[in-house]
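Take a look at these structures.
Each of the next two complexes has subunit A plus one other chain: subunit B in the first, subunit C in the second.
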Partner chain A sequence: MAIALVDGIFVGTIYGLFAVGIVLVHNGSRVINFAQAELGTLAIYLTWTFTDGRETPRLAAAILAILIVGALGLVFERAVVNPLREAPRITVAVATVGFSLFLIAIELLFWGPSPRSMQSPFEGGVNVLGYIASPLDWISVGALVLLSFGLGAFLKRTDFGLGVLASAQDPTAARLVGVRFADVSAFTWVLAGVLGAVAALLVQARNPAFGVGFMTDRFFVPALAAALVGGLSSLRGAFVGGIVVGVIDLTSQQLFATSGIPGIQVLTMFVLILVVLLIRPQGLLGTREAT
Partner chain B sequence: MTGRPRRLASVTALLVLVPVLVTRLDVVGEAWWLAIGFAATYAAMALSLNLLMGYAGQISLGHGGLLAAGAYTAGLLASRASLPFAVALIGAGLCAGLVAFVVGLPALRLRGLYLAITTIGFVVAMEQSILQMPAISGGSAGIALPRPSIGSIGFAANGDWVAVLFVFLVVLWVLDQNVLASRFGRAFHGIREDEEVAASFGVDVRSFKLLAFVLSGVAAGIAGALHGHLVGFVGNETFGLQFSLSLLAWVIIGGLGSRAGVVTAAALFGFFPEILDRVFKIEFLSNFQFVIGAALLVATVVLNPNGFAGALRHRREELEMDKAKGRLGEADEDEVPALPEFPRTAGAIEAFAPGDVVLEVSGVTVQFGGLVAVSGASLRVPAGQIVGLIGPNGAGKTTLFNAIGGYVRPRGGQVQLLGRDISELPSHDRALLGLGRTFQRGGLANNLSMIENLGLAQHVQSDYSILEALARTPNVRRQERLVDEHSRQVVQALGLEPLAELPVKHLSGGQRRIVEMACALVTSPPLLMLDEPSAGMAPAAVESLADALRDLRDTHGQTVLLIEHHVPLVMDVCDLVYVMDRGVVIAEGDPDEIMVNEHVLDAYLGATEAARVAVPT
Partner chain C sequence: MPSSHAASSAPAATTAENSDGDGDQPGRHPRAVHLDELSMSTTFREQSLFLVAVMILIASIVTVLDPPGRGDLVGAPLIGDAPTSESSDAGSPDDQASTPGTTGSPSPTATSTSAPGTENPTGGGGSETPTPDPTNSPSGSPPYEANLYSGAENTRGITDELIRFCGHAALTLAAAFDTSEADLSVYWEELSGKGGIYGRDVEISWEDDAYSADTAVTAVTACADKDPFMILGGIGFDQIPGARTWAETNKELYLHHIAVKADNPTYSFTLQPTVQQYGRAFGEYIASTYRGQSVAIVYRQSPNWAPGHQAGAEVLRANGINPTEVPVQQNQGAYTVAINQIRDHDVVWLWENALNGANFIQQAAAQGVRPKWILPPFQTTLDLIGNNRSLNPTIDGVATWPSYVPGGYGGAWSEHGLQAEIDAFEAAYAKHRPGTDTNDILFQVWVGNKVLHQLLLACGPDCTRNRFAGMLERGLQLRINPACTIDTTGLSMNGRLGGHEFTVQESFATGGGAGWKTNRWCARSLL
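The block that comes next holds the complex of A and B.
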């Protein structure tokens, strides 16, 4: 059980990173980015391509992949999200579904349907209550803490950051006081790409095999659950939500291991999402807004 | 047989004979028929999703879960229970319908993005957990769905099975048509456009939403099972998340809400990859179709969210609009015609005795969080009178209206309509009892035509069941003919015939107000509640509005409760006026009393004392 708990916390940091991306885009564009996880899969494929049979250092390849995926987020924002800023939000959400399908199609086209694998660049790790935490685990903890708190502070302390937060509350008012929606939106989408890439590269090291649509299939629903548990608008909420969901995920697998129900953690996530949306839509940390 | 049935029969015969005969001739390879089979089953799936998303406006990113429910049920019933194909297929439809009912339950509280999230969770749970349970499928191996045989007739040849698929597709198409042309179709459209407006016409939004899920689920279950029999197998990933998203893409590209559009798009996306892959063996190109599909989806959303069919429709509407404008002339827009009287709804009270009270509101309080929007408001609306409700912005007039109509839940107080306590009833039941209303923001389904809006407004007057509607029984036809006749009479009385078939969003603000009032009146409700009817009207039109309201009262004995900002209009037509300020009813009386009431002057002009002091003499 202790192992599951620690493992859950580490997996939770990955969910948290995705959730931060989902929350940022939701703040900036008031939309759920259904391509959030798939941006990560592309980063894995890119890193694999840059390193496979070449001398490129893994870190350089990873950074290059992260930058490319971040740029892709920017391109999507400029080409689709920004032109649709007056459109109903569900329209934009469908566009992100299209983005996700597009990424999957690109993966299929260039790398084919068979799964691939890439070894972790690190070996060994530190024993935490029986769980061997690899350096990547620590990186993901560090990245999540840095991003959710550092970014949170940046958003609260700078004018631009306040603009990002304000546009989530009231886009018209934010525009009236001089915050450029376009800048805010672009910023959040670049970060969404970067976060998706970072999270995916970190998680890929945990399970070497990956395939087309891999991150969406495996990580999108828990990431959504994490964002929802966190209240969908706060970065710190996403951090806590990620950890909570990670722990629920791993402990439910442990608890129901003997039940013989396959994919029990997916069922748990589905139920968790329903419970949060129907009973506590403001999330664990949020306060109910007056309507 | 004449007309439509005859055409239908010949099309069906052709769709059956061609594949069966061509297969006998053996000129087209089996792979071709398989690809055509894909086109047919994908088209059926698109019809199912279109009913839910295109008609009822409920987004589903997890429709594959319903397809899978149907396919697995059909397979299990056939293999384990050894049931005949037809029974297993019915089982597939029922099971998927039941699952859809459960999936639809969150939609009663969630909309849009949140509904999208729950449906995506549903399909992932199906794909990665439920469908892999040993009790269902023996692990992740999936289920075999051999082609059925009826007596000595087998369907092993793909062409023969395609003939069966075509028959099902025609049946689904006709059923879809029948539902759309019934009160159910109009109610679905109403829910898609605006749930409150639909409720104001008496549509039970919650039940109809669930009904849309169930109908869509049954169709999905059958389509999924038919597809399973086509390829002979269904696995947990066959109708997983990626398939669900692709299906969504096809119906959006084809044009949500357009039967022909979604069927064409889905059929093309079913046919071409198969042909490229199996006949021409060009794997690269068949993979490329995903890129094309995804890019087309994004392009559709950015350039024309209504899809290909929507773009065509829009072009046609613009042309018709120009023509209609030409026929109407310019002057008509500024005039409110006398609103005609319509036959009273069965059960509604025919005539009132003098002194009867139609609406009695006592001590209604509405609170939003910490804000008290309406505080202990009481008013009574006597029969055959026009009662005005005025007050500054934010006084709580519309909130009080919403409390009377059942759109917000008051913390306290009572609302009585015709002596009956309706405080606990949902808004659609209040509409049923005879509470007609218009909305300040506009209470029409904007993408529907005037005829369709008037049909929706007569929702409570038809009473046939969904099964009757699917079969389009003579009873349905008769009732529909009545609804249509009424609608056309109204349009004629309003003098707006040239615009009858165009979406009302193309109408001028004033015209929309008139149509909205006509919709609220079409069932002759004992009480008509108008929320700022003069908003958006030209000044000249406001005068004729006053005439129309007076005519309604004097000629037809219509009782009206009226919120207006245009104070001269209120003073002109009202028999009794209530004034609200900051959530409280501060005055009541006839217009002359109200004009000189000190509290009212206070509310409108600020503190009178302060005003006197501030004005230098």
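The block that comes next holds the complex of A and C.
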């Protein structure tokens, strides 16, 4: 069980990184970004393209991929989200589903459906209660802590950040007080793309073989669970939610390993989400919206 | 100024400043945003419940897109292992084009006089129950015909000039290594230039089943719309059962790859073993080769996979080995718990698809777990895990097909025509698809096409759908190099199960990388 706990924390940081992106977009555009994880898959493919058979340093390739995916988030925001700013949020949510499918189609078109492989740049690790934590596991933890706290401070203590939060609550009122919704929306989508790319590249090291739709298949549901559990209005909640979901995920695997129930992992996620929504719908660290 | 107005009328604490939920004191800003007086429309609970519903929807969509196994390459050969014809060792369409008599003729053996085994064939859709006729001698008598179709339906998809097939497969295979759907038809292009089958060309088209059970049914439906002689089902434990059910319901002749055993099929045939048989073969191999060592089974928890793992586990237990059985879920991102359960085992049978299996092996290696892996042998798996983990230690594979590496094995298994077939295969691709990198998938498709070719020859110049089905139903034994024997004489699954043999393969160093080589050829039992 100790190994499940330890790896649950490390896996939870990845869930948390994806969840921070989901929360950010929700704060900026009041919509769940169903393409959050697939943006990460695209970043992996781009990094693979820049390094496969070439002398390009992995870090440089990864940075370039992150920037491209961030730019792609901006393109989507400009082309789809911004024109739909007055539309019902469900419309935009469906658009993000379409965006996810679009990314999958791009991956199929340019790289084909055959799985690819990109080995981890690190070998070995530190033994933590029986789990060998690789350097990338530690980087994931650090990245999540820095991002959640840093981003939280930026949003609370800067004019622009407050504008982002205000737009999340009421775009009309925020515009009335001078907040440019277009700038806020663009910022959140660029950052969401960057976060998705970072999370995917960090977790890819433990899953060297990847294919089309890889991140969506494996990480979107847990990431969304983390965002809902932590609270869609709270970045620190996304961090906490990620850890909670990661620990529950791995420990449920341990506890129900012999249950014979197919899909027990996803089932656990859904049960967790339903429990949180029924008992504390704003999430662990979120706040209730005023009525 | 809007901000001053807002500041003068709002209470001190602001929703926006506290929205991070941590209760911090608001920072000082020249323009504080006060939002308490703003009205909200929909409650958060309702929104969230709606989001859960949408999440379920997207999960369903993802399941369609990523299938039970993207990269699920279990069972590569298209329609099964080809039996060896005594005179077909040359291995190329050249030898088969115009002299059908040179192939091993279908010969209902003495076993055809036996009762249809324990399975009673049942008629479908009101037609009479087809039963083997024990009095029908193979020589000097009309060939046996199944009673499946009448009139024009019996000759659908076959004319004096053409035989039409349609197959469903994950076109991921066709697209592997930058090949295309058209690359799957090279065998028939080669044959077409040499007279075809009794003067007939063969046309095969493909519908993408996207490795999904649902999409497989759509693909089969699309195939049926083309009025083919027969529908072919390739690749995928999860796709075939649904497609097979559809074919049975719609009375479509269906020749498919490895799948769980069917109950009383009428229109569906397979030249491959069942999933249960395949799993049993793994159990037999491990029991005979690694007796005395600790064994674990990591298996996909799925109704289309489980029968294989269960059959193999039963064999192990019957041979005094009590394996540790570790279930994993489809597309599970973290295998740490499962890896910890297999940590102290010497041998691990990995019953998963190529992509997930590769990640499992990689994650296990990162945790210092490096047992002897036993799994379905695909080149993709070795390519994904890299040379080091493919060869240190070597990996064992159990398959129903022979191995392939570019250039062959320097004459190994020549008695089974392996090198000759590889040479013919590579020559054909060099001729028809110059620049294409040949691989194990394309080779298995080539061998499968050769099997189909031989069966069509055995069916005769007046082949019909009833005659083709009857040929298998009544009991057929046929060997075509380099594949394993087709044998429906046991009349399993109403004479619709023709695969019973397995090869054993091992990873080895070749051409700067790792590949598979066959260590044991076409054995019914690996004990």
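Here, the second predicted complex is superposed on the first by the 283 of 291 C-alpha atoms of A that agree within 3 Å, B and C clash if a C-alpha of one lies under 4 Å from a C-alpha of the other, contacts with A are read in each partner's own complex, and residues count from 1 in each chain.
Definition applied: contacts are C-beta pairs under 8 Å (C-beta built on N, C-alpha and C of every residue); 3 or more make two chains touch, one makes a residue touch a chain.
All figures in this text were calculated on a predicted structure; none of them were measured in a lab.
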{"item": "Superposition on subunit A - do subunit B and subunit C clash or fit", "value": "clash"}
{"item": "More subunit A residues in contact [subunit B versus subunit C]", "value": "C"}
{"item": "Partner chain(s) touched by A:Ala79 [first = subunit B, second = subunit C, both, neither]", "value": "first"}
{"item": "Touched partner set for A:Val11, first subunit B, second subunit C, both or neither", "value": "second"}
{"item": "Partner chain in contact with A:Ala87 - subunit B first, subunit C second, else both or neither", "value": "first"}
{"item": "Contacts of A:Gly98 with subunit B and subunit C, given as first, second, both or neither", "value": "first"}
{"item": "First (subunit B), second (subunit C), both or neither touched by A:Val245", "value": "neither"}
{"item": "Which superposed partner A:Ala199 touches (first subunit B, second subunit C, both, neither)", "value": "neither"}
{"item": "Partner chain in contact with A:Ile106 - subunit B first, subunit C second, else both or neither", "value": "first"}
{"item": "Contacts of A:Asp159 with subunit B and subunit C, given as first, second, both or neither", "value": "second"}
{"item": "Selected from 1-9, 91-99, 145-153 or 217-225: the stretch of subunit B that, after superposition, runs into subunit C", "value": "145-153"}
{"item": "Common ground on subunit A, meaning residues reached by subunit C in one complex and by subunit B in the other", "value": "32, 34, 90, 93, 97, 100-101, 104, 213, 216-217, 220-221, 224, 228, 260-264, 266, 270, 273-274, 277, 281, 290-291"}
{"item": "Subunit A residues within the subunit B interface of the complex", "value": "31-32, 34, 79-80, 83-84, 87, 89-95, 97-102, 104-106, 108-109, 213, 216-217, 220-221, 224, 228, 260-264, 266-267, 269-270, 273-274, 277-278, 281, 290-291"}
{"item": "Subunit B - residues contacting subunit A, complex", "value": "59, 61, 106, 109-110, 112-114, 116-118, 120-122, 124-125, 127-130, 132-134, 139-140, 240-242, 245-246, 248-249, 252, 284, 287-288, 290-291, 293-295, 297-298, 301-302, 305, 368-371"}
{"item": "Footprint of subunit A on subunit C - complex, ascending", "value": "2-3, 6, 15-22, 24, 27, 29, 31, 33, 35-36, 38-40, 43-45, 48-52, 54-59, 61-62, 65-66, 70-71, 170-172, 175-178, 301-303, 325-327, 329-334, 336-338, 340-341, 354-355, 358-359, 362-363, 366-368, 380, 383-386"}
{"item": "In the complex, subunit A residues that touch subunit C", "value": "3-4, 7, 11, 27, 32, 34, 90, 93, 97, 100-101, 104, 112-117, 119-120, 125, 130-132, 134, 152, 155-157, 159, 162-163, 165-166, 168-170, 173-174, 176-179, 203, 206-213, 216-222, 224, 228, 231-237, 249-250, 253-254, 257-258, 260-266, 270, 273-274, 277, 281-282, 285-291"}
